[in-house]
Structures are given as structure tokens and as C-alpha cells.
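Across the two complexes that follow, chain A remains constant while its partner is chain B and subsequently chain C.
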Partner chain A sequence: MDMVSMGLLAAMGALATVAGASEDLESDVGSQSNPNSQVQLAAQVGHPHRIYNKAISGEPPSNALYAALAAVTASVLMSGYGMNAFFAIAIGAVVAAIFNGIYSVTAYMGRNTSQARFNQYVYLDVLRTHTTTIMAHAYITAFCVVTISYIMTAPWLPIQHPFPMPLVAFIWGLAIGAIGSSTGDVHYGAEREFQAYPFGAGLNAANSGDIVTKGEAGLRSSIDNAWFCARFGGPATGMAFGLTVFLDNWRTTIFDPATQGWLAIATGVVIVILFNVYNRILEIRSKKRYGPYPEYAGDIEA
Partner chain B sequence: MSVAAGGGESKIDKTKLMMYGLGGGVLGIYLTHVLNTITGSGYFSFLAGLGVIAAVVMGSDAVRRVCSYGIGTGVPSIGLMAMGMGLVAAWFGLSIGGVAGPIIGIAIAMGFGYFVGLLANRIIKMNIPVMEEVLMTLGGAGAIVLIGLSVVVSGEISYPLIISSVVDTGYIAIIFIAGSLAILHPFNANLGPDETQDRTLVHTISTGALAMFAAGLASLATIGAAGFLTVIIAVIIWIKTFMWYFQLVKRDSSGVVGTGLLPEGGL
Partner chain C sequence: MIAFDANMVLYIIEIVIGGLLVGVGVHFVPVGGAPAAMAQATGVGTGTVQLAAGSGLTGLLSAGLMMGVTDNIALIVISGAVGAMIMVDATMIVGNWVYIYGVGVPPVSAKVDYDPITKEPQPPYISPGTVGHGIPTVSFVSGTIGGLLGGAGGSLIYYALMSINQNPGLSGFFAIGIFVVNAVIASYNIQGTIEGFHDPKFKRVPRAVQACLVASLVIGIFAVLITGGA
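What follows is the complex of A and B.
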């Protein structure tokens, strides 16, 4: 393992950490993915709101779109017009952010309009203030993911992945969306939307859609949610994606895939087993510290 | 029909939409091939993009019909499944059929879709009456979108050319995902009890234009400056349909307001 590979590996891990955090916050500002169903239900159970409703499929397909679009634009600018990689990736990320903005705006308008019978308005100031925040986060995510893909595929760098750059970016886009959806959304969906219920109470089906629509002062906006999620959900997602990228590339950096492929695979298996053991220990410790959960003793006044 | 999933009355008949989708898609792809070959240029690639928009409208209406049966969270899945079926069939058709490839690919995709629909209803017992017909339509739409956008990038119907300019370069990634979102996003974004067919379909034209734009961008590296024509036409279509969509939002919504508190009863 030479110094250049080590440096690149560190850079990829750092970029992935930033990308993971910004991806989670991007989805939280717009209430995309899992928490979205509660925002969607809110108006139907009598809580019209001023929360952004950005329903763009799931996070994996939408992030795959931004990453692939940014990578295709960058690849066209580099191969067709000989542009410098740094500027090409930056322009690609701008195009991806614009697509993200378009999809977000149409989803907000469409979903809220289809709730007309429940008096859900379309607030244009929500669109104006939130869409730019969402686009800014999407820009950071797309830039970082495409930079990782570029480092993996550039012919003058040591990794030289056999897939073309847009395809690698597409796969990382799917991965970052899946990780953001499974890691970070819990913090927003279970904790922020249901702050009125006791911590750790779980979501009773009867409470579906009964989300908090008022803020500390005035009505809750989705930018408040980004502020809340930036404290834990975003960084946790960043760490998850950063570790995924770092560990995955680390094993192929220390073992040459061409000659020591099996060792790299074995390292991957060992890493998975170690994480499983660690998660189990964490679960048992949390149960000991915070549990056992009390038996059901009637509803608690919130 | 499930109220939660939405899907109001259809003003435009599905047969008409299928006719326009299949006819427009195939016509666009072949016109691009013939005119580009005759003129020896790439200026007519945008016609395949227009064909793709017609097919996307057909696919989106099919998503709308099947998802009205309450497949709320399945909207993205069914859109991606359409592209999956289309991808396999389209590439098979192109590899064996030469210039007739697109028609073979579309036919196989539709048969494939019908078969998957049969499996869903008979074996998994989903018992959704429109499943076979909808998956057949979606398979066809997926194949047209993939072949159409690939022809936008390659400039003509030729398997080796499509492989070298679309697959080897990795542009297939954006064709696949932008095409899927064009089909699945409109109904997903307009989902709700007060969804209307015309609003969803106008939105579909705009997402179809976005897919055409993305393929046009990729074509700048393969067919050169002629790709700008595709990009510019896509942008014009998008601006027009987005404004149209906003008018329909104003028509259907309970209120498009600049700012304000919640309506009566919401506080």
C-alpha cells in the first residue's frame, strides 16, 4: 500500500462522510422517504401543515438520479470538451441540484394539491425558502459522490475501477440513498415528528399522521427539522456511509484484487461479522441500561 | 378505488393513450434512424426524445391505473420494474433484430409484462384485475423509453453503436434512472385523494422532457453539437408543461397562497 493509495482512501472516506450527512439533511428538509408517509397522512387526520412534502420515489432511486446525472454531465465535459475534472464535477453537481429542485417543487405542489379536500394549502413561501436549502444539500451530496467515483475510475489514479464513472456514481448514489433512508430517517421520523409522545414509545397505528405541526415559536417549518437532525441523524448517516466507502476500499487497497482477491473477500466477511458482534453488544448494553420496558399500564398523558 | 391512494376518474381513454404512446414511440425512434442516416448527421435525434415522451405518458397512465388499487408505496417499485422488464427485452431485441430490433424488443417486453402480470395474479394471488394489461403496457413503455433514449445518444439503431456509445460509456445509468423517474414520479408526486388525470399526465410530459434533456446532455459527447438541439427542445417543452402544470395546481388546489398560517381548523 503506497502513500498515494492511502491518501486517496482517506480522501474518499472524508468525502463520503460529508456526502452522507448532507444526503440525510437533504431528505429531512423535504420529509422524503419513510417520514413522508406521516406528513402525507397529517392533513388527512386533521392536521394541515407547513412542512415540505418532497415525495420523489424513495431515497435510493432519487439519489441515484442525482449522482448519475452529475457524473454523466462531468463525464461529457471531460471526455467531449476536455474540461478540468474539478470544474466538470462542480458543473455536473449544479445540474443535479437543478433536477433535484424541479422534482422537489413538483412533488410539493402535487402532493398538497391532491389533499385539497382536507384544506391543505400550497404555500409558495415554503417552496421559496426550502427548495434552495434542499438543492444546496443535494449539490454537496452529488459533488462528493461523483468525486469518489472519479477517484475510483480516473485512468491516472491507482484504483482504476473497470466500470465507467457514471455507472460507479449510480451505484454509490443507490448506496447513499439506502444508507440515508435506513440510518438517518429514524432520527427525524420517530423522534422529531412524534415529539409529543414519550421518548421511545414507538408508533401506535392510531397515532399515524398525528405529527407535530407547531414549532418552538409559530408553526414548524422543515428547516427547523434540518437543524434538529444536523445534531445526530445527519452525522450518524455520514459516519455510516463514510465507513462503508472507507472499509470497502480499504480491503482492496491493502490486498491487490488481481492477485489476492480471496483475501480481500475474507476481510470483508470478517468486517461484517465484527459489526454484527458489535451491534449485538450495543443492543444488550442499551437494554440493560434503559430497559426492561415497563408493561403496558394505560395511556400516559403526553 | 382506494381513496388514500388516489386516482380520480379518467378523462382520457387508456386505449387512446396506448395508441399514441406505442405509435409515437416507434415512429420517433424510426424517424430518427432514417433521417439521421439519410442526412449523415445527428440533428434528428430529438425525434426519438419526443417519441419517448409519448411512451412515458402511456406508462405513467398505466402506473396511475394500477396504483389506484391501493399500491401506495409500490409506485416507485412498479416504475422500476417497468424499466427492468424493458431493459432485458430491449437489449435482446436490438441484439438479434438489427433495424427491426426496437419492434422485436417492444413486443417481447409487452409479452414479458403480460406474463409477469399473470404470475402476480395467478401464483401470488394479488387479484388486481388490471394487472396483466398494466404490466404489459409498462413493459412496452419501459422498452420504448430505453431504446428511444439510447437512440438519442447513439444517433441511430445499431446494436454495436449503442453498446459502444451508451453502455461502455456508462450513460446507460442516467437513461435507466431518468426514464424510470419519468414514468413513476408523476403519479407518485400527485398521489392523494384529489389526484386528477390531466394534472398527472401534464406532469408526465414535463418529467419526460427532463429525461430527454438528460439523454441530450449525454449525446453531446457522442453525436457532438447536434445534441444541443435535443437539449434545447427538451428545455422548451419542460418550461411550457411546467407552467401548464402550475395552472392545473392552481385549479385543483384548495388554495395556492403566497404565505400565511394554517386554514381554519388546522391550528
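What follows is the complex of A and C.
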């Protein structure tokens, strides 16, 4: 372990945290991923809305595509045209953001026009204001993911991962999408979309599709949703991706894989055991704090 | 032109074992699909393939790094397994933060009355109109095992392919392909949601083993021939 490796590792962790947060907020503004099932259902159960609606695909494949696109572009610019890495990655991220914008617009138009029979309109002002917000977040995500991949693969930096940079970016893109869809989206789907219902319960199946469509003033837009999720869901997603990137690389930074491979593995196993213990502590504390539901009428005692 | 020898059979067997590990591993990962994203079902609020692929391929990165410096198969496969476990555990912990602090629900299973590991009662903590929420201890441990199997499987496939062609990019890409095929087959078997090894759906594993065996064998033969010829 040397100071340069440790500094790069810290930079990767920080970039991953920013990327995780922006990825989650991008999916919240665009209402991608699982909570979009409720947005899709809302108009059909009598709640037309001004929420953006772009379920392009699952978040992992779409983010893997954007990250790989940005990395391929950057890679070509660097190796074919000798461009500086910083500018090459920035241009790559712009290409990814443009692709994201194209998919977002077609998804929004297609989904909302297909719901015309339920009085769901296509709002051109929503399209204009939200698409740029989505693209801006996608740019940040792609830039950070490709920079992490560059740090891992650049021949003049210490890690020198054997995979080509686009493949590393593809894998991190897939991982960031999986994490964003598993963590931050729950804050959007279970809390923000159903804020009219009391805090402290999951969505009752009977209330499906009854999403909040009115805002503090006027009608609620997806930018309002990103404002709310930026307070917890987004940063939490950043923490998850940052932890993954940092811890996974930390153990191979402090222990040289070539000579101390087993120590690196043992460190990983200890981290995994600590995660399991911490989850148990979380479970105990939450049950103690919240207690059983008063409506419960079964025989099994809490 | 490639020469077909006994080693080729060994590589195909390694790919098949890797594929089976992935197929079985996906059954351990607790995923609640779209309902879980609304705290309506126990498990992580994403799709089966998504989380399994995210964790397994993070493991592949660790295995790739390890294979760059050593040929020890145990070191490579276990390194991949540990990388995948770290990713899936970090995701589940933060997922639980969001359920507990963001939505205000305790992690609870709806498929069993008592958690098989902690022996704690589950039904009183299920909010009305849902089938559980969050990631309780049994699901968390199950998810960790899922990460272990998925990461080990992906790394074993990568190891076999690397032994043939020594090309990390090509082997990595084929390993991702074989991984995803097995994960998708397993998720058809799961049909959307599973809480972990205590879920009644887990009894369907033998069917997935059969399907993954056939798929991995066919893909394994082609993968060895294609990547060996590169």
C-alpha cells in the first residue's frame, strides 16, 4: 500500500457516492424502475398526473448501456485521437446523456399517448423541463462511473485491472443500476408517491395506483419528487454504491493480491460478517422502536 | 484452428458448474420485485436478475483483478465470491435503512411465522394489506449466501475461459453472457419474488438445476469453441 493507491481509492469512493446519488435522482425525476408501476396505474384508476413516465428498461441494463457508451466513446477518443482523459470522459458522458434523453422522450411520449383514453395528457412543458434535468443527472452518473473505470484500468495508475475500460464501466453501470433500484427507489415508491397515507406502513394493496398528484402549490411534478428524495433516498443510494466500490477495492489496496491474497479475502469475509451483525442490530432496534401493528388480530404474540 | 483435447472437456465442466452455482445462487437472493419497492413485499425492491447480476459481476471484477496476478483457482473463485457478498450486503443494509428510516417499517417476513434463525415472531410486524417488507435476518443471510454462490459461479466461468484464451476482455464478456443466461432461467423459476431459502418457492431449485445444466452445457461448448478460436 502506498499513498497514491490510498488517495485513488478515496477518490473512487467519493466518485461512487456522487454517482449513486445522481443515479437514484435521475430515476426519480424520470420515474424509472419499479415505482413506475404505480405511475403507470394511476391514470387507469382515475388519477391523471404530471409525473414523468419513462420506464425504458430495468435500471441496471439502462445504466450499463449509458456507462459502456460513455466509456467506449472516451476510449476511442483517447486511443484513436490522443485526447486528454478528462475531456474524453466528459465528451463520452455527453454522448451517454444524449442517448438517455432520446430514450426518455420516446418513452414519455409513447407511454402517455397510449393512456389517452384515461384522460392522461402529454405535457410539453414537463417534457421540456424534466428531460434536461434527467440528462443532467445521467451525465453526472456516466462521468463518475467512467472515471472510476479509468482509474481502475489506466496503465500508468497502480490498480491496472486486466479488463478493458468499457467492460469495467459496463459492470459498474450494471451494479449502480441494481443498487439504485434496490435502495433509493424504495424511498420514492413507498414514501413519496404515497405521502397522503400515514408514515410507518407499506402500501396496502387496496390503495395501489392512488399516488399523490397534487403538490404544495398546484400539481406535483417529478422535479418535486427529486427534491424530496434528494434528502434521503439519493444520498443513501450513494452510500451503498460508495461502500461497494470502496470496500471491495480497499481490501486489495491494503493487501497486495499477488502476495497477500488470502489476507485480502479474510478482510472481505470479516466485512461480510460485520454487515450481517449490523443488520440484526438494525432489525432489533426497529422492532423495538415501532412495535407491532395495532390492527394485527392474529394468535402469534409479538 | 483449435485442437480439441481433454482440457477442453475440463473447461466445459467448469463452465457448467459455474452456471449451476449462478442458477442456484439466484434462488437465495431475496427479491420482492415491484411490490417491494412500495414496501408491499419482503425482499430487496428490484428484479431477481438485476441484483444477482449486479452482485455476481462485481465479484467478477474482483476475480479479474486477482487472476491478473495469480493462477490459483481457489484464490480467484473465493475472491469473486467475497466481492459479490460485499456488494449484495451493502445493498441490503442500505435498503433496510430506507425501509426503516425512510418508510418507517420494520424488516419482517410473511412466508414464515417465526424467523428460522432468530426465532422471532413475524406476523405482528407486517403492515396491513402487505406481504411483509424489508430484509429480515433470515433473508439477509440467504442473500449473502446467494452472493457467495453467484460470485463464485461467475468467477469459475471466467477462470475456465481465461485458461483457454488468456484474453481478459473476451473472457469477461463471455462470462457476463453465461452468467446472465443462467440468472434469467433461474428467475423464470422464481416468478418474480422470493424471500430466501425459507420461502416455499425455494423447493423449485431442482427444476432450475436441470434447466441451467442444459443451458450451461450448450453455451459452454460454444463458448469454449468460439473463445478458443479467437
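Rule of thumb we're sticking to: the second predicted complex is superposed on the first by the 295 of 302 C-alpha atoms of A that agree within 3 Å, B and C clash if a C-alpha of one lies under 4 Å from a C-alpha of the other, contacts with A are read in each partner's own complex, and residues count from 1 in each chain.
Quick note on the criterion: contacts are C-beta pairs under 8 Å (C-beta built on N, C-alpha and C of every residue); 3 or more make two chains touch, one makes a residue touch a chain.
Here the structure is a predicted model, which is why all the values come from computation and not from measurement.
Chemist: Looking at the overlay, what does A:T106 touch: chain B (first), chain C (second), both, or neither?
Modeler: The answer is first: A:T106 touches chain B but not chain C.
Chemist: Is A:S182 in contact with chain B, with chain C, with both, or with neither (first, second, both, neither)?
Modeler: second
Chemist: Applying the document's definition of touching, compare chain B and chain C: which contacts more of chain A?
Modeler: Comparing chain B with chain C, the partner touching more chain A residues is C.
Chemist: Between chain B and chain C, whom does A:S79 touch in the aligned arrangement: first, second, both, or neither?
Modeler: In the superposition, A:S79 contacts chain B only.
Chemist: Between chain B (first) and chain C (second), which does A:G58 come into contact with in this model arrangement: first, second, both, or neither?
Modeler: A:G58 sits against chain B and chain C alike.
Chemist: Report for A:S37: first if it touches chain B alone, second if chain C alone, otherwise both or neither.
Modeler: After superposing on A, A:S37 lies in contact with both chain B and chain C.
Chemist: So in the superposed three-chain picture, is A:S114 touching just chain B, just chain C, both, or none of them (first/second/both/neither)?
Modeler: Once the two structures are laid over each other on A, A:S114 reaches chain B alone.
Chemist: Under the stated touch criterion, which partner chain does A:A206 make contact with: chain B (first), chain C (second), both, or neither?
Modeler: second
Chemist: Could you look at A:A169 and tell me whether it touches chain B, chain C, both or neither (first, second, both, neither)?
Modeler: Touch partner of A:A169: chain B, not chain C.
Chemist: Intersection of chain A residues contacting chain B with those contacting chain C?
Modeler: Shared contact residues on chain A: 37, 58, 163-164, 167-168, 170.
Chemist: State the interface residues of chain A toward chain B in the complex, per the touch definition above.
Modeler: Listed in rising order, the residues are 37, 40, 44, 46-50, 55-58, 61-62, 64-65, 68-69, 71-73, 75-76, 79-80, 95, 99, 102-103, 106-107, 109-125, 163-170, 213, 219.
Chemist: Can you list the residues on chain C that touch chain A in the complex?
Modeler: Touch list, chain C to chain A: 33-34, 36-40, 44-47, 49-51, 53-55, 57-58, 60-62, 64-70, 72, 75, 78-79, 82-83, 85-87, 89-107, 113-114, 118, 120-130, 133-137, 140-141, 144, 168-169, 172-173, 176.
Chemist: In their complex, what parts of chain A are in touch with chain C?
Modeler: Contacts found on chain A: 33-35, 37-38, 58-60, 159-164, 167-168, 170-172, 174-175, 177-179, 181-187, 189-191, 193-194, 199-208, 232-233, 236-237, 239-240, 243-244, 247-248, 251-252, 257-258, 261-262, 264-265, 268-269, 271-272, 275-276, 278-280, 282-283, 286-287, 290, 292-293, 295-296, 298, 300-302.
Chemist: Residue numbers of chain B touching chain A in their complex, please.
Modeler: Within the complex, chain B touches chain A at residues 4, 6, 72-73, 75-76, 79-80, 168-174, 176-178, 180-181, 184-186, 188-195, 199-200, 203, 206-207, 210, 214, 217-218, 220-221, 224, 238, 242, 245-246, 249, 252-266.
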